[in-house]
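Look at the two complexes coming up: chain A is in both, with chain B in one and chain C in the other.
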Partner chain A sequence: MFRTSRKAGSRKAGRRSPLASVSLIALGLMLSGGAYALVSSSTAVADTASTATQATVEEGEKLFQANCATCHGLDLQGSDAGPTLIGAGEASVDFQVGTGRMPLQANGAQAPEKPVQFTEEQISALAQYVGSVAPGPAIPEDQYLDAEGDASRGAELFRVNCAMCHNVAGAGGALTEGKYAPALTGVTPTHIYEAMVTGPQNMPVFNDANLTPEDKRDIITALKFQENAVSVGGHPLGSLGPVAEGLFLWIAGMGIIVALTVWITARSN
Partner chain B sequence: MSTTTEDRPAPVAEKRSGGVTAAASNYLDERTSISAVVKEFGRKVFPDHWSFLLGEVALYSFVVILLSGTFLTFFFQASMVEVEYDGSYVPLKGVEMSAAMASSLDISFDIRGGLLMRQIHHWAALLFVAAIGLHMMRIFFTGAFRKPREINWVIGFVLFILAMAEGFTGYSLPDDLLSGNGLRIIDGMVKGIPLVGTWISFLLFGGEFPGTAIVGRLYTLHILLLPALVLLFIALHLVFVVVHKHTQFGGPGKTQQNVVGYPVMPVYAAKAGGFFFIVFGVIAFLASFFTINPIWNYGPYDPSPVSAGTQPDWYIGFADGALRLIPPHLEFVLLDRTWSFNIIIPLAALGLFIVLALIYPFIEAWITGDKREHHILDRPRNAATRTAIGAAGLTFYAGLWAAASSDIIATHFMVTMEGVIHTLQAVVIVGPFIAYFLTKRICLALQKKDREIVLHGYESGRIIRLPGGEYIEKHEPIDEYQRWKLVSYHDYKPLMIRPNSRGKISVGQKARASLSRWFFEDRIAPPSRGEIEASHGDH
Partner chain C sequence: MAQDGQSTELTASGDHDEVETLSPGTAVVSSDAVRDPGLPPHRLRVTDTDPKKAKRAERVVYTLFYLSLAGSLFAVAAYMAFPIIPEDLLSVRLNNMFIGVGITLALLGIGIGAVHWGKALMHDHEAIDLRHPVRGTDETRARAVEIIQEANEESGFGRRSLIRNTLIGALVAFPLPAVVLFRGLAPEGEDPVELLENTAWEAGTRLARDPDGTPIRASDVTIGSVFHVIPEGLAEMEHMLEEKAKAIVLLMRLKPEDLNEEESKKDWSYNGIVAYSKVCTHVGCPVALYEQQTHHLLCPCHQSQFDVANHAAVIFGPAARPLPQLPIAVDDEGYLVAQSDFKEPVGPSFWERH
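Then we have the complex of A and B:
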């Protein structure tokens, strides 16, 4: 009730289910696996020459021209309305389109997460088309997405590198002029990794020299641990810290107390 | 009361007929003369109104804090020695942290009932300060601080400040990221004080922030000095409640000389005793089902990371909010010193606000020139200017308070951070004036309504057609008990300017008289007996 986040309560409840982590990881694996099946199993950037991929790239080009070219230009050169995508890479497309941020619904401080507009195949085709024009950050390899790294190291890296915007509990935070760092609960490992390598919206890029793939794996591990851990203290009140606690105390705690004082002093008749 | 007579010492020679109870009480009384105390306190009368229990809520929360806090001291180590965490919480395993943080984690994960106790302690602390706040509002808006209770208001206010100090020192003890960030803000505020700031900061932290001393020092304050002071002031506060007797709302049979209500023994003692367990139960309920301060999420303190959404507990929020609202670029170097007016101004403003609230009873007494004793409470509407001043003060406080959550307001209501800050700046500066005028007008309108009801009765809803074809609504006079409630308040008039013994009118006198005029302007006089009697034939 007090968690007035943008996400609907039903989604939140869904994530609490014990099967959520399993299905989440399965989804992530399927997502990345599906993309890989279309490319090659070893590297993501290369191998755009095979015929099956060539067809996908052409499919992606059509989709791009229909849905993205208005702002990003027919040759990915960009325009006044959108940046160039030359060198943006598959990871960037997969993140932006895969989380529904693109295509942009309206101009604003920041592209919000919204329902995804394309199927997995279409997203993959788009990503491959953008990747075929100029190389960029590739879709991450499965070995870094298994969320089975070192959680305590990951949590420490998260506190040092990410918490100032995303909050230590990954609950998100405000930036200037209406921009914000979104909450990280319910984000797939693939998208977390892609966000780190591509720096979407207002996020800085954490390249492999800055945080090694192993570091990124640890961060994902810590986030997934926190997300899937049972809240030992009871309802987490949105993990928003003292503001949520204070609000809850005044409304629920004080509400109950005042109601009880009224009851105690009510006349017996 | 029959209870007190039973407790009287029976003559020794008399045949004992009361059984074990009488014998036991007699035994006790012959050795302690306790019957005098029971007679005095057992017959004390407390009036019944829900708002009179808010102070008790604060007292009971404090008892809960003492009990749960004692448990926590058994396991908490107030030391900043670096240790490697080796407890049950996996994501922190092997992480270097202070012994304070490690022992707080052990309390949370490895000591049976520890987390529940921690959460009880913390929720009770939040409730303690909140109950004090509501209790103070009740006292303020009903004028319960007037003579002879001005000193008790000051004592209570000191308790409020002590409670905040208790809260803040406790918040800083676990040495997690959140508490470290909070301490860093305090350190910054202290360092912003001109000339002495840096010295005070080094004294407090035993060198450069964060040092290795602060947790131990705060711990001593938190469990020794501050609780002792709180207990002392609570004792003083209660002694004065007994000395002054409880206030009551006006009503039939209630005068300045009596107190109408239940005696302590047995009714009130039973109610109050039961109420302690109710408050304890509510706190335990909150602590069982709702997380508070999950330090394992925050991790150990390290000066480099600062988390988004770092806020103090609610009662320090107004100070944090003041820092967030102050415009930037107020810092300059003069005489080889940095003058941080972005810190000095909030500190001065908050200090002034606290001092004004602390001495408000004396200010009001000086303005009104009212030297009478008051045991009957004002209805807030009947002291329109005071109520309006209170509303203005609350608006100021609430604006600062809300500002402490400016980032969360921005993300959760999808507005810009700058928009929130500028709006709250306006609320803090213009809001009190708007609140003052609105509240005053509302109070006066309510007074007019009361006067109307007393003089012309209430609208009965019965429409009558007169023989001439005219329709009127029948107004019924209200009954005497209700009328008493509406008319039994004192009317005040502004002070007259009077020359002093040397025949001169001093500047102070003039100021006082104009303040007094302002305080009482637009007042609505309560209906007089003559008016009430004259009005009866009307409808």
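Then we have the complex of A and C:
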């Protein structure tokens, strides 16, 4: 496509002034470049939306400056209020903004999950901007997010690496000084993967040398299996273990026994 | 007090009793002592006075028994209608639930029906059973002593001292096997103190991932990472689980400037990578709740907290000592290795720990 336009330019150059040929070549180059940019941006959107394009990066930069730069700095260098995002990577932005944790609502022990503030395109633009400044963990590929891996292996890896904080059933748990490991039910495979690879907030990083992408896929498989499996023993009471179960038994079980005792010993009217 | 329960005992409450129970030396006789209110008058139930209510109670009772009957049959039917199908977890749940509902109905129907019957329909006499004093009469007591003496005489328990003493000896010896069996739970032929003080880590043992046992390169451990570590070759060890229980390690990488190390232990870490025993020094739970920003390690059992940036010092909770640090280095191929075993025993205190 661009070759023909360039040839057309050079053929005409013979009959006209050299200046005209130069300007025509310039015009042709611009057109072909523009067409290329158009084609490539449309394929990027169609394919994985992971290839950074100048337009989206610029849009992301604007969004960043309007919404994030107060704490993270105009050049992602960070400030007293927020960490640097140089090298944070697209995965980190997609997780933090995509789960509503960022922009931060208020200072506190931990940024809570809340309604997402941006559209998917905006999140993608932000991620591409942050990713374009310095390389970091990328948004995971779909092949690791299908939850079709080995659930029993994933469950073993989960018990070794994750269960101490997130609870063996992924129901979450308390950490120190008001921090907590959130529940993993209802979290998309992409966000689970991104959390492992980036280590948001106080969660440690589980890079690909520690848990390979295949390991991560198995862990996601195990979590999704557990989430979708029926609870054989009836209502799981939040899968919180002895605390919830004990509380239920003390209140409901003992309450019923006390009520029955009162009824049996009361005089009939 | 009379030796036998007398009905007069109960009615003889009032001023007479009150004065008698005063201790000598009490100057003022209190006039508002709590009086025995006596028994309330007998009150007839609605089922005693209203035949319609009685009929209704009767209906309730037999309906409950019918319900119980239905529950039992339902449980049998549910057993057949909702069989447990292998590999189908939902079938297990349905099976348990419906059989449970049936049996619950069966038992509660009988129980509640019987109680309601007794309360609402059975004759409602009020009667007083007087409480007897616990002490028996003098004759009873004398007779009891007599019986014991007689038994002693006839069996010869006091006289045949050899029989008595061997019996006592046999009873004392009886729990001994239990003591020996309990001792047998500890490793045999080895000094338990020695075993508690040493772990599977040796100079040059590579640090490996739990559970698959692949060795870890120093370059794999990026900042903020945490690895759950076992010694390489653990799977081939004879007492794998015992060794694992002592040798588990948590490997973390901090920014070197965040790490505040003791002068003598400066070469125990590598580029901000530190390895600490995962066994809590309180009662031995695995301490693995690591917060990568605060560098705090939390033990989930009793909330002991250790500051990894500050040589795992205890900052909260019941643990008495910092977690022991495993000195690490890097071998020629770039893998992390232990410099030696832990320099102090891991886990909770024991008597001979120095």
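Here, the second predicted complex is superposed on the first by the 217 of 269 C-alpha atoms of A that agree within 3 Å, B and C clash if a C-alpha of one lies under 4 Å from a C-alpha of the other, contacts with A are read in each partner's own complex, and residues count from 1 in each chain.
Here is the rule we go by: a residue touches a chain if its C-beta (ideal position, glycine included) is under 8 Å from a C-beta of that chain, and two chains touch if they have at least 3 such contacts.
Everything quoted here is computed from the prediction, not taken from an experiment.
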- Message: Under the stated touch criterion, which partner chain does A:Gly253 make contact with: chain B (first), chain C (second), both, or neither?
- Response: first
- Task: Check the residue A:Asn210 against both partner chains and state whether it touches chain B (first), chain C (second), both, or neither.
- Result: second
- Message: For A:Ala26, using the defined touch cut-off, is the partner it touches chain B, chain C, both, or neither? Pick first, second, both or neither.
- Response: neither
- Touching partner for A:Thr176 - first (chain B), second (chain C), both, neither: both
- Task: Once the structures are superposed on A, label A:Val160 by its partner contacts, choosing first (chain B), second (chain C), both or neither.
- Result: both
- Query: Of the partners chain B and chain C, which touch A:Val168 in the superposed model: first, second, both, neither?
  - Reply: first
- Partner chain(s) touched by A:Gly199 [first = chain B, second = chain C, both, neither]: second
- Message: With both complexes overlaid on chain A, does A:Ala81 touch chain B (first), chain C (second), both or neither?
- Response: neither
- Message: Tell me the contact category for A:Pro242 with respect to chain B and chain C: first, second, both or neither.
- Response: first
- Message: As a test of reading the superposition: which chain, chain B or chain C, is in touch with more residues of chain A?
- Response: B
- Query: Taking the two structures together, which residues of chain A meet both chain B and chain C?
  - Reply: 156, 160, 164-165, 173, 175-177, 181, 231-234, 264, 267
- Across the complex, what residues on chain C touch chain A? 43, 45-47, 89-90, 92-93, 96-97, 115, 119-120, 124, 209-211, 216-217, 219-228, 252, 286, 288-294, 296, 298, 300, 305, 316
- Counting only contacts in the complex, chain A reaches chain B at residues 4-6, 109, 151-152, 154-156, 159-160, 163-169, 171-178, 180-181, 222, 225-226, 231-237, 239-250, 252-254, 256-258, 260-262, 264-265, 267
- What part of chain A is in contact with chain C in the complex they form? 156-157, 160-161, 164-165, 173, 175-177, 179, 181, 199, 201-207, 209-210, 229-234, 263-264, 267-269
- Message: Please output the residues of chain B touching chain A within their complex, sorted ascending.
- Response: 48-54, 57, 90-95, 108-109, 115, 119, 123, 126-127, 130-131, 134, 177-178, 271, 274-275, 278-279, 282-283, 285-294, 297-299, 302, 304-314, 317, 404-408, 410-419
